[in-house]
């Protein structure tokens, strides 16, 4: 139970927020954006934080899901849930196809390859106007039907996204403490040692890549139905970098770190928007300051610092979790 | 009295900032001025604006924020077509009149109950250009365009419209908006039998296309779109800009208009006011002017802050003389401009000259 | 019967022949030491045996199966585990977790089962934890189980690698300089550990420069020089071989032998 | 100039920590000019941490370090090297992608002006470790463990140390070379270089040292002439294999 | 057809030289710290912007160029001193995020100072195209190529022949060891940030007459420079050049012979293929890590 204590706390918080602030824009509207970003960050953290890889193309899978839902529902009248499945199939397939060749790469080369992949996908979104509506994007994506009605209001969306987020977090925490999760983290620690202990590192990396792509694709479908409008700009290289930033900002390798990073990075522009001309500048400065003073990430750094204080009080060495 | 809350989501930063920036300045300038004079019928105007950073995704949340949190009476804004299209479902759903400042025809075609727009459409620009080409006897045109929404939509409209004017598109090249060199595309165009080149784009692209064409020694007539209708283009393209033609709103040549032109006083007034405060005007700021005053006049006529009544009055706008032309809206036409709103200009000696 | 059989093994890096025309056999249940000057090719040999390098020529048979050219995880599956001369500890994990990775081959649940925390995961987790704790205790590391590996001194990390390798329940364990960095008393403990490993039925292949240790625990010693076999024999034979003394041991062995 | 009695290196009440965990709890130690001092201690006693703190790559949280009459506690590492303290670090720490020769020459980074001396010393090191000469153009990362250890020693010697800190220099070396290393240390000592030696091979280390310290969990447990430590029953049991 | 091809190649080399110049800056900082500096593109932008302002103030072009380069170099030093140095001990990825923050910050500053306008710098030696066979090239492009060639050689010599260069390399591969041989690691980092800011600014002022500049002009150039550096093999100056030229050629040949809409997709596809075949780029050497 101790293992999931943080999760239950988080779940209660997520559930209480809209009860406490039912009509607050920051909860029901921005909350949905944050939730979707958090799902993405948690999924990316599986690949980056656990397995120690890097992807600058995560937004592409988000986009594949969104466009699959958008295109199939508006142009071919496919049922939204079927469209979502098709998106998952497409993302999973693409991820599985590119995983083996690309994941042989390391460090900056891997960053480049994933970046290139993301850009290619984005270019297709822009250029294949007939299907995607080109740079202006596509409108009129229907709302998601659920239990005989369609999810329409902000509050309903909050609920849906919250459930998916909680599920994703739960999954991520489960993986951390498992045979497969440790194998991934071993890849992070020393790929060679992992291999000599019987871990098929190529398969492990590829599996987690596909899993994180699937989650991103699912989030993309939700996003498409929630916004009812999508355009390539939302799935470009900047957003991929933003996702990486969320993961690192919160604390690489930590699930709640990823959530935290998503919250901060999504909320910051909403808050800074009052600064007008200074918004960009301040945003950059805040990002730098956090990383300078909490290089482990906001969440992990704070937790460590707190633990350090406790430890110093007790003057006893501490054991860690992740 | 309750203030009139005008909401706005603009691309003040990001790639489309050169559009959003003058739009915001224009709105702020007039809102301040009106408030200084005591508002409209005792109602002060409150301008609530958010910057979407040229990201359509952000625009969606901001428009919700305007509607839910700020409870605005009317929305003037949406700088890019993408952002405007993204905002439409929210405005429609909540029933808030929304005057877009973006170019795409898709915003008002098909007509949506709550959605209007002020800028000319790309289709009108293409039509204006083809009209001029037909007059000059040009039959074969090489098209080159950027990769943005504006560019692509312009390209699509041009391709669709060309046959109507008996024009054949013999090349269809594109470039990326941040590309630094277009000689490869122009070299391909040079190898065709095109009689003129048409470039749809904005930002640095058109200036580079213009310069590269000269570098390659291409001396075909070069047409640009209204996307470059600012002095900046002449400055960037330098001598290479000589002879370039483009359709533009009358604002650019306000002083050169005949005195009997109904738009002239409006244009001169806007131009003087804006330039006194911020420097050279652009037509984009003008769209914001048009949007703001169409909204304010509608509110005035409605004599109420009821959103539905405001909407109805916007739809009844007739003979409104704006910077973009004379607007005559109707239930079938939520733009209300015709081709005459565009003027064909040519760059001569580093300045605009009216062609007609 | 020989558990490991190496024939005409060769590894070249560009022009450098790190290992050349090497053949030997390791009987099951023995401690087999490989010694030789620095750069003789011992680590390279280990890298080939464990699948980290592909030999440029020759063959390796393990338990009757040909394993040269197999990727490391396949080799591991057949029952070969190793430690590293240059530590390859998972510094992002605790000591216990390091050793639980060692148990990887003994478990079988995958990513999906883990993600959904199916009941069998719980069982397997408990089992793996028990195995890992057993391996830690075997190496005398139980006190460190919860510590972050990154914060441990060198000597402990060396033992951690051994515990991790043992957790895989290998048939053969390759140990690359287990006593490096240990003082004489700690080396004695290491000797005891190696003996106990052997008693568990694990065949040990040992690379070590501490001659005291080598001579006391090994059944057979293979001496390499410039990638080739110099000689092979019992510790006594090797110790007194003039060629070995000249190339490797030197005259005054007093520093090296405890 | 320090007076002959004044220690060249003087460590007083030194504390050092990794994050919240303190590993040196007030170490006092001194090395006089020309002395060869050995430190023995079990795994985790803090020997490496002590040397790292002296070299300035690890901050001291309390206490002081004086070298040659100056307080160097807060000096940046490069300045400490400049003052003449060179270290052969634990785990070799070679510059893997750089060539063997570049590694060596970087050892003389702060001695570049003594060009002739550098060339001479380089030749000496190649003579001492011929394999390094053979592999001078190879990336250091391709060397075997023992070869890298030779490289690390050679690199430190090229720094022309006045005080040489050795952290397990014989680790991973073949017996023949272990002898050689001890001979070299002895020779350096005779040439007047002051040496602080951490060795797992405590018997050999104490065999050539003047004095020795026993470090236990971050504290000095014992300080005595080397010969006395070799005789001490407790030391024998804990560090010398009990013979 | 052949005429066209010649122009495509000339264009490719012109554009490629720009990428190479920007890529060179990436290689420099990478060599000193294994960090990809996401603010490299902003250095390019700043150099050009400052030069534009100085020209605008009436100073002659050479003064403006020097001023732009000098000011940017100072910004590079400031970035290292104020943001990289205080984050001592931060991991590579954290440092990269800091540089992302810096790039956003610098764009924000540029936005405040110069607004959203696009600016041009005068051409260094006129705009009269020079004919190379049937192809033409602007004198400014020759400047770009020439300076790129000189700088690449200089950077290469710096790393191959000078102890200072080796010291910079040493810092990247093992910080502790570098400190232990007496290298002032901090100074080396500062130096590398200064040098790459300088390289970036040089690229900026050289390219601004052709491609213009604006507050966000660094983004795309930075991306292309990064791609060039990776394609060639990170850390190898020759690689950055080869990568840059190759990228330029792929783009112009792609646009000229295949499809201009997908030319960037083509470029990235080829990068992907190259990396799959050569995981360390064209000239990159695989990292040697022994176990």
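Here are a few things to note about the model shown:
By letter and in written order, the chains are A, B, C, D and E; residue numbering begins at 1 in each of them.
In this section, a residue touches a chain if its C-beta (ideal position, glycine included) is under 8 Å from a C-beta of that chain, and two chains touch if they have at least 3 such contacts.
The UniProt protein names, listed by chain, are A = Amino acid/amide ABC transporter membrane protein 2 (HAAT family); C = Amino acid/amide ABC transporter ATP-binding protein 1 (HAAT family); D = High-affinity branched-chain amino acid transport ATP-binding protein; E = Amino acid/amide ABC transporter membrane protein 1 (HAAT family).
All of these numbers come straight from a predicted model, not from anything done at the bench.
Chain pair with the larger contact count among A-E and A-B is A-E, by C-beta pairs in contact. The chain with its C-alpha centre at the largest distance from the centre of chain C is B. Taking each chain's centre as the average of its CA atoms, chain B and chain E sit 36 Å apart.
The distance from the centre of chain C to the centre of chain D, with each centre set as the mean of the Cα atoms, comes to 29 Å. Between chain C and chain E, the centres computed from C-alpha atoms are 47 Å apart.
The multi-chain contact residues of chain C, meaning those touching 2 or more other chains, are 43, 52, 84-86, 88.
For chain D, residues touching at least two other chains, in rising order: 21, 142-145. Of all residues in chain E, those that touch two or more other chains are 111, 261, 264, 287, 290-291.
The touching residues of chain C, counted against chain D in their complex, run 13, 36-40, 42-44, 85-87, 151-156, 177, 180-188, 209, 211, 247-256, 258.
Of all the residues in chain D, the ones that touch chain E in their complex are 55-57, 76-78, 81-82, 86-87, 89, 93-98, 102, 105-107, 109-110, 112, 139, 141-145, 155-156, 159.
Chain A contributes residues 54, 101-102, 104-106, 108-109, 111-113, 115-117, 119-120, 123-124, 127, 192-193, 237, 241, 244-245, 248-249, 252, 277-288, 291-292, 295-297 to its touches with chain E in the complex. The residues of chain A lying in touch with chain C in their complex are 52, 170-171, 174-175, 177-183, 185-186, 188-190, 192-201, 207-208, 211, 253, 317, 319-322. Taken together, the chain B residues at the contact with chain E in this complex read 13-15, 17-18, 21, 147, 173-176, 178, 180-181, 183-185, 187-188, 191, 203-204, 207-208, 211, 214-217, 232, 235-236, 238-239.
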